[in-house]
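Comments concern the structure below.
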Amino acid sequence: MTVPLTGVIPPVCTPMTPGHEVDAASLVRLVDHLLEGGVHGLFVLGSSSEAAYLTGAQRALVLETVAGHVGGRVPVLAGVIDMTTPRVLEHARVAVAAGADALVATAPFYTRTHPAEIRDHFRILAERAGLPVYAYDLPVSVHTKLSADLLLELAAEGALAGVKDSSGDDGAMRQVILRRPPGFSVLTGSELTVDAALWMGADGVVPGLGNVDPHGYVRLVAAAARGDWAAAREEQERLVRLFEIVRVGGPRMGASSAGLGAFKAALFLRGVIGHPVTAPPQIPLNADEHARIGKLLAAVGLLVRGTGT
Amino acid sequence: MTVPLTGVIPPVCTPMTPGHEVDAASLVRLVDHLLEGGVHGLFVLGSSSEAAYLTGAQRALVLETVAGHVGGRVPVLAGVIDMTTPRVLEHARVAVAAGADALVATAPFYTRTHPAEIRDHFRILAERAGLPVYAYDLPVSVHTKLSADLLLELAAEGALAGVKDSSGDDGAMRQVILRRPPGFSVLTGSELTVDAALWMGADGVVPGLGNVDPHGYVRLVAAAARGDWAAAREEQERLVRLFEIVRVGGPRMGASSAGLGAFKAALFLRGVIGHPVTAPPQIPLNADEHARIGKLLAAVGLLVRGTGT
Amino acid sequence: MTVPLTGVIPPVCTPMTPGHEVDAASLVRLVDHLLEGGVHGLFVLGSSSEAAYLTGAQRALVLETVAGHVGGRVPVLAGVIDMTTPRVLEHARVAVAAGADALVATAPFYTRTHPAEIRDHFRILAERAGLPVYAYDLPVSVHTKLSADLLLELAAEGALAGVKDSSGDDGAMRQVILRRPPGFSVLTGSELTVDAALWMGADGVVPGLGNVDPHGYVRLVAAAARGDWAAAREEQERLVRLFEIVRVGGPRMGASSAGLGAFKAALFLRGVIGHPVTAPPQIPLNADEHARIGKLLAAVGLLVRGTGT
Amino acid sequence: MTVPLTGVIPPVCTPMTPGHEVDAASLVRLVDHLLEGGVHGLFVLGSSSEAAYLTGAQRALVLETVAGHVGGRVPVLAGVIDMTTPRVLEHARVAVAAGADALVATAPFYTRTHPAEIRDHFRILAERAGLPVYAYDLPVSVHTKLSADLLLELAAEGALAGVKDSSGDDGAMRQVILRRPPGFSVLTGSELTVDAALWMGADGVVPGLGNVDPHGYVRLVAAAARGDWAAAREEQERLVRLFEIVRVGGPRMGASSAGLGAFKAALFLRGVIGHPVTAPPQIPLNADEHARIGKLLAAVGLLVRGTGT
């Protein structure tokens, strides 16, 4: 793995069969779709992968399928999402065995954890996990924000290789960017402000929406890399319009269902995956909502299977 | 199992070795301590059991150890604490195999879940888990409150056998008590208001502090059962004083560490378990804090090992 | 004022004209209704009084109207609800001038305030306000909980005369009850658990629902005072059923509108106030919802104007 | 007033005497300091103005002092921060009388308000306030986020002239920017990402830190306006370093005290205001903390009074 990690590293959706088993064939097609789109790495078993809904065996299958199919062409980061250190370490062992290149871990959740304990959590992971650890800052799920000071302390001592910042707090992210040690990677998880994050010095992006349109995010990052910021912005604004798909599910379901359901519906409509199925208890999108997603795809120039649009 | 479930059903702490493995010998002694105290059931793998810190293998070991040692003398409820339905169902399969009598499940967490999805979560568990399901209402961990309406709807259709209410919202609990169908069990998880909860019609209590002093909670419930409410209150007020042990850790650690650490320190000081060890990344209580806990135990008349008090 | 303050002290609704001015005539009738019901004090300008919606002039008018009409027959507590100490002190000056007997103040809100600053807030109020100060613990509005330790520290130094506990956390309230100095008054704001609160040692209750049925709460407190706890519980359970009126507005409006609208609709239906009007931007209840409230009133034996029920 | 409002519109601090009265002489000097720095408007009575701590008379004095001294040279926006519509309208009347050019209002707070009620709140303000209304999106204080949909709906019907977005959610802000009607002004309140916000299409910035260094923010905005984004970024990064002053107060005080205290300490050290005093109950910064702030000022090239640095 290059240090720091850079570019587009989408959090790979986990295609499922109608019976809610991992659809490995679709997963392989999705990986091909992403690699063909030019992404620079893959993040499996994150929130957008429905890691929270996958059993241990399903998680292992996903990781083995992706790592095996990728075969080292790009780095594979493995989410180790769980409540506390011992359980996260258990996922780390599976990830190491499956050939992951790095781990992505949140702060503890469900428990009521002191900042000093969060720090210890990452220190223990760093010592024992056997792979570089990226912090996953996701307050909407974890209900704590990783402070810039904490991230920088852990970066300075080498416990963290980087952060995936899905907090939406770009001011705090910028403080990390400006004060971090060399090699510490800052990746934004905010799909709608990637040009801005790269402008500030972020190294890359982990966009859930990148499942649907990896080419768009790759174009965005490439434009920024060559200094063509106007092109980067234009691409980002197109992706902002595409992001409307996550609002189609509306208030009749949770934000997880609406977002993950939209990504999978779009991947299904684009012909990448076999079934637009999300794990229970998520409410599925209906036919009308699928049609609206199809129109939003078409409006940004994405072909939809069987429609000729 | 009797219906509704009644009495004192402590959430059993999980003793650990200094290496953070399950200390099965201490766990058996703890179960004996609780049974000797007269408790009416045992709840394993709840929050007070550090379920959030236990690996899958450790959870299974705890459950098998307790269920095996109890041998049907009292009902054993198994927590199936995890983020979403598929992962909870996996824990349920382990619990069924280990011989648990019922399951205790929270709403989904980490994910952003709609009330209709929470309802579906419990419905799916009820259909597939193979054991009666108790809802675990714990907003401090799960970040959603189970409404009285939701609980009553699930109770009416038979999807839930009862609720362990650790929300602290006794007004809402009372609405459930007054409107529930026959056989639906309401258990309070609020250790400091058990007499009041019983007075309102609750069926029992799941007190973390009951690990330390099961005799006290059993006396409380027995006094209430025979209508001697003054005795129940006197016992409860004594237990309120004992509950001060959870505040000894103070602001230098999280609320989980301070509470679970205090219970384990007290069990160690009383000679029940071999080591006052909690799982990482929880900050341990120090010697001074142990001494203060010892004094609080003595002040309510609990013998402390080796001190003669 | 007797110390500690005891009994039923309803937070007096503020009747309004269709043009959203204070309806002083209805307010006087409401005070008479409450005094006739036997209440032991009146709390004006609290949350149930829509204090958050009243201008300075309206607040003063309400306070002068009530204090003038009461004429010392019962203590009048004045809410001084505002964001920070200087603004609260300004309300305190008005309250002193209007003849209030005591003040009720929350922690600062809107600002991000440290616990030491919350402590200073109450200390400054105690020094400068010129009347006894009751703390108003209302996390649902203020977004901080007043800890038992903070309340007890302020009680010990004489800065607080008591607390109106609307936190719903009866365990914490009990810790205050058991450790408070003599004369410090603990009043519950939880309408559904008054018998339990009195059982634990609370001195009284500040029930929003007491506007609608002061007689019921007075009977409840009287039964508890004479040791007839079964009668207290029976009355409380009847009031729990009556409390269903606050749920009629349902999800189409905020909890403030649904609750305050229901109290005012009930007072209108009972013939106490002239208009069931709440302040903007609260959504008003409609005719169908009024009818449902009427049925709920009738079901607990309250006469509704013009219906003969 | 030009439409849309653009440029640097600092939220003007409210200098205070040691006795916590408005220090009008210092306020005039601060306004001169800001105008000399080239700002394009002034926002008085916002959060950074300690509006939450000012009495009605103090608020009026501040507004009259600033509006009178500015004399139309730049637009003056007046915060009308209060809990609900009727109280906000009362502040609006004062603002109109004092000659403000526009109003800035939050969603209701303290009360529990439905989104439809928040919408009605802004509609009523628009109809009755007599000045253009800017929405102030400040979830950290108000505990609700104004959704992009709500802002756009109110923008489309002409009820809002713009938004001051202090939510930190730049993804949502971008959705507003891309979908807003002509003339609707989007101002960021996030001091650390102004270059990025302008890049996305925001019209200006309302930076609390702009009190301390208006020249810096004006240079930043000017650089962006002429397309010299590298210079804008360099200036922004310098201001990120300056922003470290808000962290000097650290965990011994609230975030309000630490931030507002730092701004005032810096203004005092720079010789702009007479006293580094904040309103009670905010904990004041001490001499050591003042010294650290002085060093941070010097490090970014700001002269400190009497030190020659």
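Assorted remarks:
Order of writing sets the chain letters: A, B, C and D. Residues in each chain are counted from 1.
Simple rule for what comes next: a residue touches a chain if its C-beta (ideal position, glycine included) is under 8 Å from a C-beta of that chain, and two chains touch if they have at least 3 such contacts.
Computed from a predicted structure; not experimentally measured.
The fewest steps needed to get from chain A to chain C, moving only between touching chains, is 2. To fit its Cα atoms onto chain D, chain C must turn through 180 degrees, a value rounded to the nearest 5. Between the Cα centres of chain B and chain C there is a gap of 35 Å. Rounded to a whole number, the gap between the C-alpha centres of chain B and chain D is 49 angstrom.
Under the contact definition stated at the top, not a single residue of chain B touches 2 or more other chains. Against chain D, the residues of chain A that register as touching in their complex are 168-172, 174-175, 178, 190-193, 195-197, 199-200, 229, 233, 237, 240-241. Of all residues in chain C, only 20, 47, 52-56, 58, 81, 83-87, 90, 108-114, 116-118, 120-121, 124, 140-143, 252-257, 279-283 touch chain D in the complex they form.
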